[in-house]
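The two complexes that follow have subunit A in common; it is paired with subunit B in the first and with subunit C in the second.
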Partner chain A sequence: MSLLVAAFGFGLVSMSVIALAAVGFTMQFGITNMINLAYGEVMITSAYLAYYVNQAGVSIWIAMLGGAAFGAVFSFLINRFVYAPFQRKGTALLGMVIVSLAVSLMISNAMLPIVGYFSAAYRERFSRLLHFGSLALTVNQIAIIVLAIGVMLAVHALLRYTRLGKAMRATAANPTLARNCGIPTQRVIDVVWLITGALCGLAGVVAALDSDSFTIANGAGFLITALAAAVLGGAGQPYGAMIGAVVIGLITELSAAVWAPDYKQVVAFGILVAVMLLRPQGLLAKRGALAAAG
Partner chain B sequence: MSADHTVANGRPAPLLRADGVTSGYGGEPVVRDVSISVGRGEIVAIIGPNGAGKSTLLKTLVGILRARNGRVFIGSEDVTNHAPEDLARRGVGYVPQVNDIFEPLTVQENLEMGGYLLAADRIRERVDEVIRVFPALAPMLKRRADKLSGGERKMLAIARVLMLDPAVLILDEPTANLSPKLADSLLRDHIRRLANLDKAVLLVEQRARAALEVAAWTLVLVSGATRLEGRPGELLGRQDFEELFLGAGTGPTRPAPTLPSPATGGGKPEEEENA
Partner chain C sequence: MNTYYAANLLIFAGVDIIACLALNLQFGVSGIVNFSFIVFQAAGAYTAAILSMPPDTAPDYTFQIYFGGYQLPFPIPWIGGAVAGGLLALPIGLVVLRRLRADYQAIALLVTSIIANTVINNARPWLNGAAGVALVPQPLQEQLNADTHTYQYLYIGLTAICVAIVWFIAARIVNSPYGRSLRAMRENEVAATALGKNPTALKMTIFIVGGAIAGLSGAILVGFLTVWAPSTWLYPETIILFAAVIVGGRGNNVGAILGALLVPVGFEEVTRLLGGLNIGPPQLIPALEWVCIGLFILGFLWFRPRGVAPEPRHVFPGAPIREDTRWVEGTPAS
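What follows is the complex of A and B.
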């Protein structure tokens, strides 16, 4: 029983990390119609930026803000100078996926000579362990969970209660009609890339912190996990991505406890395949943050 | 409508005017050298068979499609190929035939997005004002727009566009997919009322007879070009118009006619055309 409780604790941390990554990824797709396969590379690049800031003596919790800011600007620039020109030319979705794959490869290969093959680690990767009955979490892990909950609430508030958030949902639902209403859709999309890029950068630093150490090769793994949660929840649906993160995060860790740690990814992605077979549109394809509450 | 706002033929001075517009989707133009105008308090109807270029013409007027030739004016200002959001700012409201609302948003949120250009406190006031025009929407403000019936949906689409209190309203087949009773009510009650509020209303309508009943001026588009135009009474008296749309022996009690397709020479039932 105590093993299951401990695994549940790890699951809470995993789902927090995955949710941070998946919500930004799915919002990019839902609002800008872009399956951005470079997302994982922007995550790991942001993690490295925070690493260098951290190595200069700045707390990782402050450096994390730098990582988020870098992710925001980097994502915005990638869209503005690479994706948007292709989209304006009418490149099909599959073509855009290939373009984003090319961007992903360019980033990882450009980063390699800078950061090298060796693993890096933040200075504050170890923190005090706190016990809550059988549940044991480090201060860092608790901070990650609190951060993820705060970010999810902020995303919810943005989409549901602000004019910008409603304009994002309107642009996602019907961009031509949004323009006819006077909504500056291009500006809205620019802001979406900034916000989702910040989420991407933040998720990269948090994932790297949770992993103890990281290398440039981790970008691909970050992408796959975010993609899986986003698809499981219903592509383009932020609430769906949150649920997808909960399912994948918890199942991964609980299966490791009851079966074997080596197979935890097999179980999580096996469930993803099963859900896709039974409900190809994902868990929340019809309802989510981009949809209405009523 | 004051006398100094009218021109020689008795029509009001144009608020929206297109001169010799040619446009399309790449390749051959769909609309060729079409001129049309609509003034304050006037309803102008565009009728024509499927594929005549009616919707293409409207999309060009509201900036969704680029005009290859010709000019579009609002008042005396040349707005040819201005972006849709700019035309919205200048008082042009557009209700497309399909995809006319934000389906995943609530009715209230749809109205708020319709008034996006207004200040936040003005949006709240304007929602109340628009709801007074369409009181049926009042109890469903929190409902998701994709849960509305066809008539409610069209009311919402028009209410949304009224949020900015546009001077020009461009409606693409507002009665499509509505029951005959609802379609009549929409045209005779709501759209007439909008013209009475001094708005310039440009309307594409498949129901030729219904369009003639509400319009002050009608333009007949066939294969992308203007075939006929004039006051409904004048058109009804012309043999070529009768042959083109209404068939022989038309009378006021006949059911609404179906427009023939130039490709087939015959028309499908109008509900099928609107599907």
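What follows is the complex of A and C.
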């Protein structure tokens, strides 16, 4: 029983990390219509940037902001110089998937000679353990949970209560109509890349902090969990991604406790397959992953 | 350039040509973005390995753990590899290709590829985990000495026969009414459905055919390398093949062969030449090569989406000639 309680604690941390990553991923897809397979690589690159800042003597909680800023600028530039030109050229969705996979491959391999194969770790990776009954969490883990809740509330407030959020939702629903109503969709999309890029960078640093040590190869794993949560919730649905993160975070950690920790991603994948078989549109979306016809 | 090296190069070229022809059938002709292509090659390789190896209790083989070990004579492991690739396509295709939108199919297949590798890497009792299987017997090893030049020529010959068979099958498919249906589905799935074509059935059959050919390519490769491990079939290997088909000319079998010779084989050669120069840290050259593969894909998609050898236009007698007959998916209608 205490094992399950401990696993629940880890689940809380996991779902916080996944939620940060998945919300940014799903918003990119929902609003800019781009399945960005380079997302995991941008995450790990931001984590490395924060690592170098951290090594220079800055606290990781401040370096995290640097990671987020880097993620924002990097994602913005990738869109500006690669994705947007290809989309303007009229490349089909499938072509864009190949383009983003090529970008992902290029980022991870351009990073490799710089950071090497060796694993890196932040200086603050160990922190005091606090006990709440049989639930034990470190100060870092509690900070991650609080951070994730704060960011989720901020995303909610952004989408619900601001003009920018309204413009984003309008652009996601129907870009042409939004443009005809006087919304500067191009600027909205630029801002979306900055915001989701910041989420991506932040998620990368948090995920790296949570996993003690990390290597450049972790990018693919980050992408898979974010994808699984986003697809489970219904692609393009920020609230769906949050629900997906809660489900996947809990189930993967519980399975790690009762089965084997090596198979966390496999369990996430199993959930993904089940969703694709039973409810391809995800929990919240109306159409989502379903084919247009046929 | 000694005989062994030349044989090496020719056999890799043959395997890459077979793989590119299969990927071209799926991606170029039918528009299925099969990001888990390498998994089918791996399935063929593992199957050929366990069909030709003795059980893991045999002397010399006790350092690895795997199931099976049937010691079957030559053509059976290769046939088995092809069958395994085709059989594996069945469940994956049924999950992925039936209801999902095309871009979701692509990411589902990518995730499948990453996860399959993780599972085989971590589950040692099946196929010896991360270390992989080693000492796979070469075809006809009992009858002939595998270290001789004659054996190298024989292996090249066997590979060439397989290339010819696969080429024949691919050419027949592309030029048949079935190939026409596949192209119709690729260009406009809704219209093809409206004309009575069943896109799911079309996709499933080509997925299975492509999977079987991929499995054969894996069987040929493992017979030559005699080792096979998860690190040889990471998902970026699929991207090389995609780069080859895009560079060569998707939808065109000649293009696929050209791409196989230009990208995987060409890069292999460049690595060998640059490897002797000792520039920078050891991982620099291979990493830069991957960056180049990415640039190749982006560059060709941008400047020449139809590739070096574009797919021939299929214009039928009596069809109304319209301005936009030159239009091919991926290029802007000019």
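Please note the rule applied: the second predicted complex is superposed on the first by the 275 of 294 C-alpha atoms of A that agree within 3 Å, B and C clash if a C-alpha of one lies under 4 Å from a C-alpha of the other, contacts with A are read in each partner's own complex, and residues count from 1 in each chain.
One rule holds for everything that comes next: contacts are C-beta pairs under 8 Å (C-beta built on N, C-alpha and C of every residue); 3 or more make two chains touch, one makes a residue touch a chain.
These figures come from a predicted structure and were not determined experimentally.
S.K.: Of the two partners subunit B and subunit C, indicate the one touching more residues belonging to subunit A.
M.R.: C
S.K.: Could you look at A:G150 and tell me whether it touches subunit B, subunit C, both or neither (first, second, both, neither)?
M.R.: neither
S.K.: Please work out whether A:A110 is in contact with subunit B alone, subunit C alone, both, or neither, and reply first, second, both or neither.
M.R.: A:A110: touches subunit C, not subunit B.
S.K.: Where does A:P184 make contact in the superposed view: on subunit B (first), on subunit C (second), on both, or on neither?
M.R.: After superposing on A, A:P184 lies in contact with subunit B but is clear of subunit C.
S.K.: Which partner does A:K166 reach: the first (subunit B), the second (subunit C), both, or neither?
M.R.: first
S.K.: Under the stated touch criterion, which partner chain does A:M276 make contact with: subunit B (first), subunit C (second), both, or neither?
M.R.: The answer is second: A:M276 touches subunit C but not subunit B.
S.K.: Per the definitions at the top, what is the overlap between the subunit A residues touching subunit B and those touching subunit C?
M.R.: 290-294
S.K.: In the complex formed with subunit C, which residues of subunit A make contact?
M.R.: 35, 37, 82, 85-86, 89-99, 101-103, 105-106, 108-110, 112-113, 116-117, 220, 224, 227-228, 231, 235, 260, 262-263, 265-266, 269, 272-273, 276-277, 280, 289-294
S.K.: Show which residues of subunit B lie in contact with subunit A when the two form their complex.
M.R.: Those residues of subunit B that touch subunit A are 62, 64, 83-85, 87-89, 93-94, 96, 99-106, 109, 112-114, 116-117, 120, 142-145, 147, 160, 164.
S.K.: Can you tell me which positions in subunit A touch subunit B when the two form their complex?
M.R.: 163, 166-167, 169-170, 172-174, 176-185, 290-294
S.K.: So in the complex, which bits of subunit C are touching subunit A?
M.R.: The touching residues are 31, 33, 35, 95-96, 99-104, 106-108, 110-112, 114-115, 118-119, 122, 189-190, 193, 199-200, 235-236, 239, 242-243, 246, 280-281, 283-284, 287-291, 293-295, 297-298, 301-302, 305, 329-330, 332-333.
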